[in-house]
Amino acid sequence: MTLAVDAIAWHQFFFVMFALLTCGFAVGVLFSGNIVRMAFYLVLSLASSAGLFFLAGAEFVGAMQLMIYVGGTLVLLIFGVMLTAQDRFISLKTPAGEWVLSLIIGGTLLALLLAAAFRYEGWQQAELGDTTPTSSQADTTARLGLSLVGVRPDKLDDSPRKAGMSGYLFPFIIVSVHLLVVLVGAAYMARAKKRTTTTAR
Amino acid sequence: MQTTLVDLLTSAGLPDPLAHVIRALVPCVLIIHLVAVGALVFIWLERKVSGRIQDRLGPTRVGGRFGWLQTLADGIKLIAKEDITPGEADAMLFRIAPYVSFAASFAAWLAMPFAVGWSGLDMNVAVFFVLAVLGLEVFGVILAGYASGSKWSLFGAMREAAQVVSYEVPLGLCVVIPVFICGTMNLTTIGEMQRGFATNWLIFHDPFTFCVFWVYITCGVASVNRAPFDLAEAESELVAGFHTEYSGLRWSFFFMAEYGSMLLVSALAVILFLGAWHGPIPIFSIGLGWTDAGGILGYLASLAGCANLILKSSLGVIVMIWVRWTLPRLRIDQVMTTCLKYCVPLASFCFLGALAWQAWIPNVTPASLPAPFGIDRAAIRESWVTRAGGPHATVSDAQLTPQTASPVPTTLATQSVPDRNIPVAGSTAPIGREETP
Amino acid sequence: MTELNLYETLQAKFGDQIAGANLEAIGDSWIEVTAAGLVEVCHFLKHDPNWQFNLLNCITVVDYFEPDPKKAAKAGWEPHLEVVYHLSSTEQKHEDGTRFGVVLKVMTPRWKDDQEGQLPEVPSVASVWRTADWHERETFDLSGVIFTGHPDLRRILCPEDWEGHPLRKDYEMPLEYHGIRGR
Amino acid sequence: MAASVADQRVIEFDVRTDEMLVNMGPQHPSTHGVLRLVLRTDGEVVSEVEPHLGYLHRCAEKIGENLTPRQWVPYTDRMDYLAGMNMNLGWALCVEKLLDHNLSDKAKHLRVIIAEMGRIASHLVGMGAYGLDLGTFSPFLYAFREREKILDLFEEACGARLTYSYLTPGGATADLPEGWLDKCSAFLDQFEPVIQEYHALLTTNSIFIKRTANIGVMDAEMVTDYGCTGPVLRGSGVDHDLRRDGEEIYTEMYENYAFEVVVQKDGHYPRDHTYPPVPKEAVLGDCWHRFYVRMLEVVQAIDLVRQAIERYRSADGDWGIPIKLTQKLPKGEVYLETEAPRGQMGFYLVSDGNSIPRRVRARSSCFCNLSVTSDVCRGALLADVPAIVGSLDVVMGEIDR
């Protein structure tokens, strides 16, 4: 007694589910009025995109997305929202004129992306067959770690002298120093200005 | 070729998708049981231990001699209680918050191994995944505090968020040390590396890991909001912090999330530092030699390992309960200073120390004992550099990944863990993706 | 160091501000001070090196009033209020080490220039002892004496919108208060 | 897509943190009673504290103007309901001073035993409740375990566990039953080592020291200026204890008893017992010192009770027959203060010749002790406010009368 459809393509099923969730909540961010709900929809949208990464077998990037985006940036975002919202549920109304403008810009951008996507032949005939999940045991982390440290594991068979050199160490360092400067700047601007404490009586 | 659970089911005539669903459900149900029953047991245990500490008995009457059904009775009461949503609350967020908190604390269990192969998903980045998901739990608390609409819960939520976010830094630092000592983030490998006598445990590996174990315990207790760091529900100041407005089942979800993550933090401590599923004396692996014999004996050895791990993490939870009922609470700024002025510097100092120790005094553990996998740590480290450096890698990729000693597919053997071929030591397998059968 | 030479020093220093004393009474003897000179006397008693009354123990108002006229006739005093200040010192003690305290009294009429409802006024000593702040608020609240110069004179024990001053002899319990039946 | 917030100017560049009026409602009913603190805070730092009183106001003084002194005794032990015996003692001595009624030695020693046992019980509650305010629950239960034993002893003596009305003007309502003294000294012997446990639990606990040392510091001048008395006064180094420098009629009860006032004089406390040393962070006059003075007073009370028990056994005379219910009071007024556990409890009795007094006034020690909070808590952190108010050890029954 086998069901009519013999095998549900699990890979496709979860892919579509996560994709729908991500886009759905992203649109939710646009349309919801309450600022805290916006932040929460953003959390769910990014979390489901992390799900996409896990589905694709890239666990390291998925965990990275969870930790840095959802666990870090959005916690700060929600902190910011809670600290500055004057009356708790500040609701932002976007006037009609700006809806039209945004639709136009968004529409053109979408069209551009779609056109570019479908010109790439690799996707033209995505055959349904390949449903076996990529093995999650490929040691994604070792190679990533090495390339971050400056050794290029995928360029090992180059000429011996240059074998595996010119990793991503330099850009990685530049980005982290840049982030440090930004953080110090933000902390400096947000420092509590000395307010004269109001003497009670 | 191992017969996986799915083949078992399909051969029994189940349609293929249903078999997959059941195979996916088995680990989830087991983990839910662990967290739910764990919470049930630990709530009862907390009342008993705190009773003993305060020179009284704790629950004695409900359901038998030691009142062990007390928590079940509380659970039923909580389910029967009315779930009130306060008037000023933002209804949707108010309802979602406890589930976010519980989901985060439960999802982290997915990557926790209980014995070799006995884990929801034997991920290569298990430690990183657990830390990432642990960070999500703070969302449930922030949303709860914010959506309850009352000034007090907002205070509780702000304090809690500040504390948990700031304690993730030292927690991350402490967890990195066992990771780079074992050379991998895969919890099963880390567990297997501590096979053998207790001296092989990572806590005794070098003085820095010993000191970092205690820093980890402090940060773990703080990031789970227990004991001297439980600012969020400081009764004397903020009534009950973020979950003041909750009642009934929603409140019990927060409670379960707390006990779930409490057990999680202590289980992580056990796996990383206290020889995960290995007893102090290796009866099964060396004494009886069951772990490597397949079949029922291997299964029993894994069962004993699982019991070992659960026992050790319960001891960790008991210590947390014991600390909670003896120490007064710290002020919020004292909590922050302990984190930034004591935990972070100490953790980073131990990090450097362990790094130096690892570089100059490798392989201190007695060589006589069979190192895990027949490869000792030094070999693993060289493989990193040599393999990356040139083609003549001695140790192939596949060997790096943990071998499942017991070939028999245990119920928990996950399909997603591919059937690793066990290459003869020393044979060089081609680099890149190993061939799946 | 006894009440006697304290009374003499006060009279010498303040003359007519001290309106009399009763040093042989059963129980405690007291010194009567006029309302006008109260603050200086208190300031002197607190800051003078050989008296140093730095503890104001308590401020009380005793209401001398007899509701039914028969007893009022033979009571021997006509209706008035007495504001009583008990002072003591942590430094100065009697020779045998026992507590050296002094009682100051200020006599005021029951109502300000005898109109019913006008509360009598006494200068506030909150500037001398900060504990007087709450004591005077309580006395105002329960016995109805206005302390002029008090930083924040409002009721402390009874609710803000309570009428009447309960410890007055002619006080009538209100019939109801916010719907709660009084009598 | 610029979202237009109501009015751009509202959110200035410097994010203005507006102050919140936060209402720290009634603390644990069992410990502080119905005390309401209105705090003005901007998050963590408290800029203004305003205690609101009167929730437990029963106007005992108005009732006192219609009852004879002996009938008013039950009202006194409902003022500081954690130390009922000491309240009764204060009122009894006040009436006896007016009547000039002197007691036999036996009655005086009985009163010392009962008063000091009441002090131990009251300080135990103070210690346990202070642990609760700082977040630890166990010391509260340890304290109440010992206090229950004292309440059992009191129940044997006068039949009540909280509102005793035992020490009445003229003596006491009944003599101590047979074997009571042996039970009492047995209790003291087993209680003394337990105090070391409390020191380990709280006094020398590093987190307790972090939460209390150098917090809510009050110098001697401020303490006397606000009229604070008792452990709060002695915690700031003022050497003043009414058992030694009180009224004549009160200090003769403690005549030739060997006891030293518990106050830190030039750096250290009277040291004839093994006490934990003062931590270096603790400043004289902070919460830690007030707590420490209470703990040392418990030990001092144990010594006093032991001496009183021997004297009571060898003393002669009756245990003090109470005065007649409608005893005629002479015309005159009297004010007497006694050293209650929480401070100096004063009673002022004005009588004009008949058996019902003209005015009865109870001066509450906690009333003045609490009045200091708005000055001490200005600028403190939110979590310090319960630590400071807890160290003042106030009981609302006595404040509101």
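Note that the chains take the letters A, B, C and D in the order they are written out, and that residue 1 is the start of every chain.
Basically, contacts are C-beta pairs under 8 Å (C-beta built on N, C-alpha and C of every residue); 3 or more make two chains touch, one makes a residue touch a chain.
Quick caveat, the model's predicted, so the values are computed rather than measured.
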| item | value |
| --- | --- |
| Chain at maximum distance from chain C, centres defined as averaged CA atoms | A |
| A-B or B-D, whichever has more C-beta pairs in contact | A-B |
| Cα-centroid distance, chain C relative to chain D, in whole angstrom | 26 |
| Chain B and chain D: spacing of chain centres that average the CA atoms, whole Å | 49 |
| Averaged-CA centre spacing for the pair chain C and chain B, given as whole angstrom | 70 |
| Contacts with 2+ other chains: residues of chain A | none |
| Sites on chain D at which at least two other chains make contact | none |
| Two or more partner chains touched - positions in chain B | 158 |
| Interface residues, chain B side, partner chain A - complex | 13, 15-18, 20, 90, 92-93, 96, 121, 123-125, 128-129, 131-133, 135-136, 138-139, 142-143, 146-147, 149, 154, 157-158, 161, 165, 168, 184-185, 384, 388-391, 397, 400-401, 416-418, 420, 431, 433, 436 |
| Residues of chain C touching chain D in the complex | 25-28, 30, 54-58, 60, 62-64, 75, 84, 86, 88, 90, 93, 96-99, 101, 103, 129-131, 133-135, 138, 142, 155-159, 166-167, 169 |
| Chain D - residues contacting chain B, complex | 20, 22, 24-25, 27-28, 43-44, 131-138, 141-142, 145, 201-202, 205, 207-208, 210-211, 381-386 |
| Chain B - residues contacting chain D, complex | 50, 53-56, 151, 155, 158, 228, 230, 234-237, 239, 325-334 |
| Residue numbers on chain A that touch chain B, as the complex places them | 1-3, 6-8, 10, 34, 36-37, 40, 43, 47, 59-60, 62-64, 66-67, 70-72, 74-75, 78-79, 82, 88-89, 132-133, 135-142, 146, 151, 153, 156-157, 160, 163-164 |
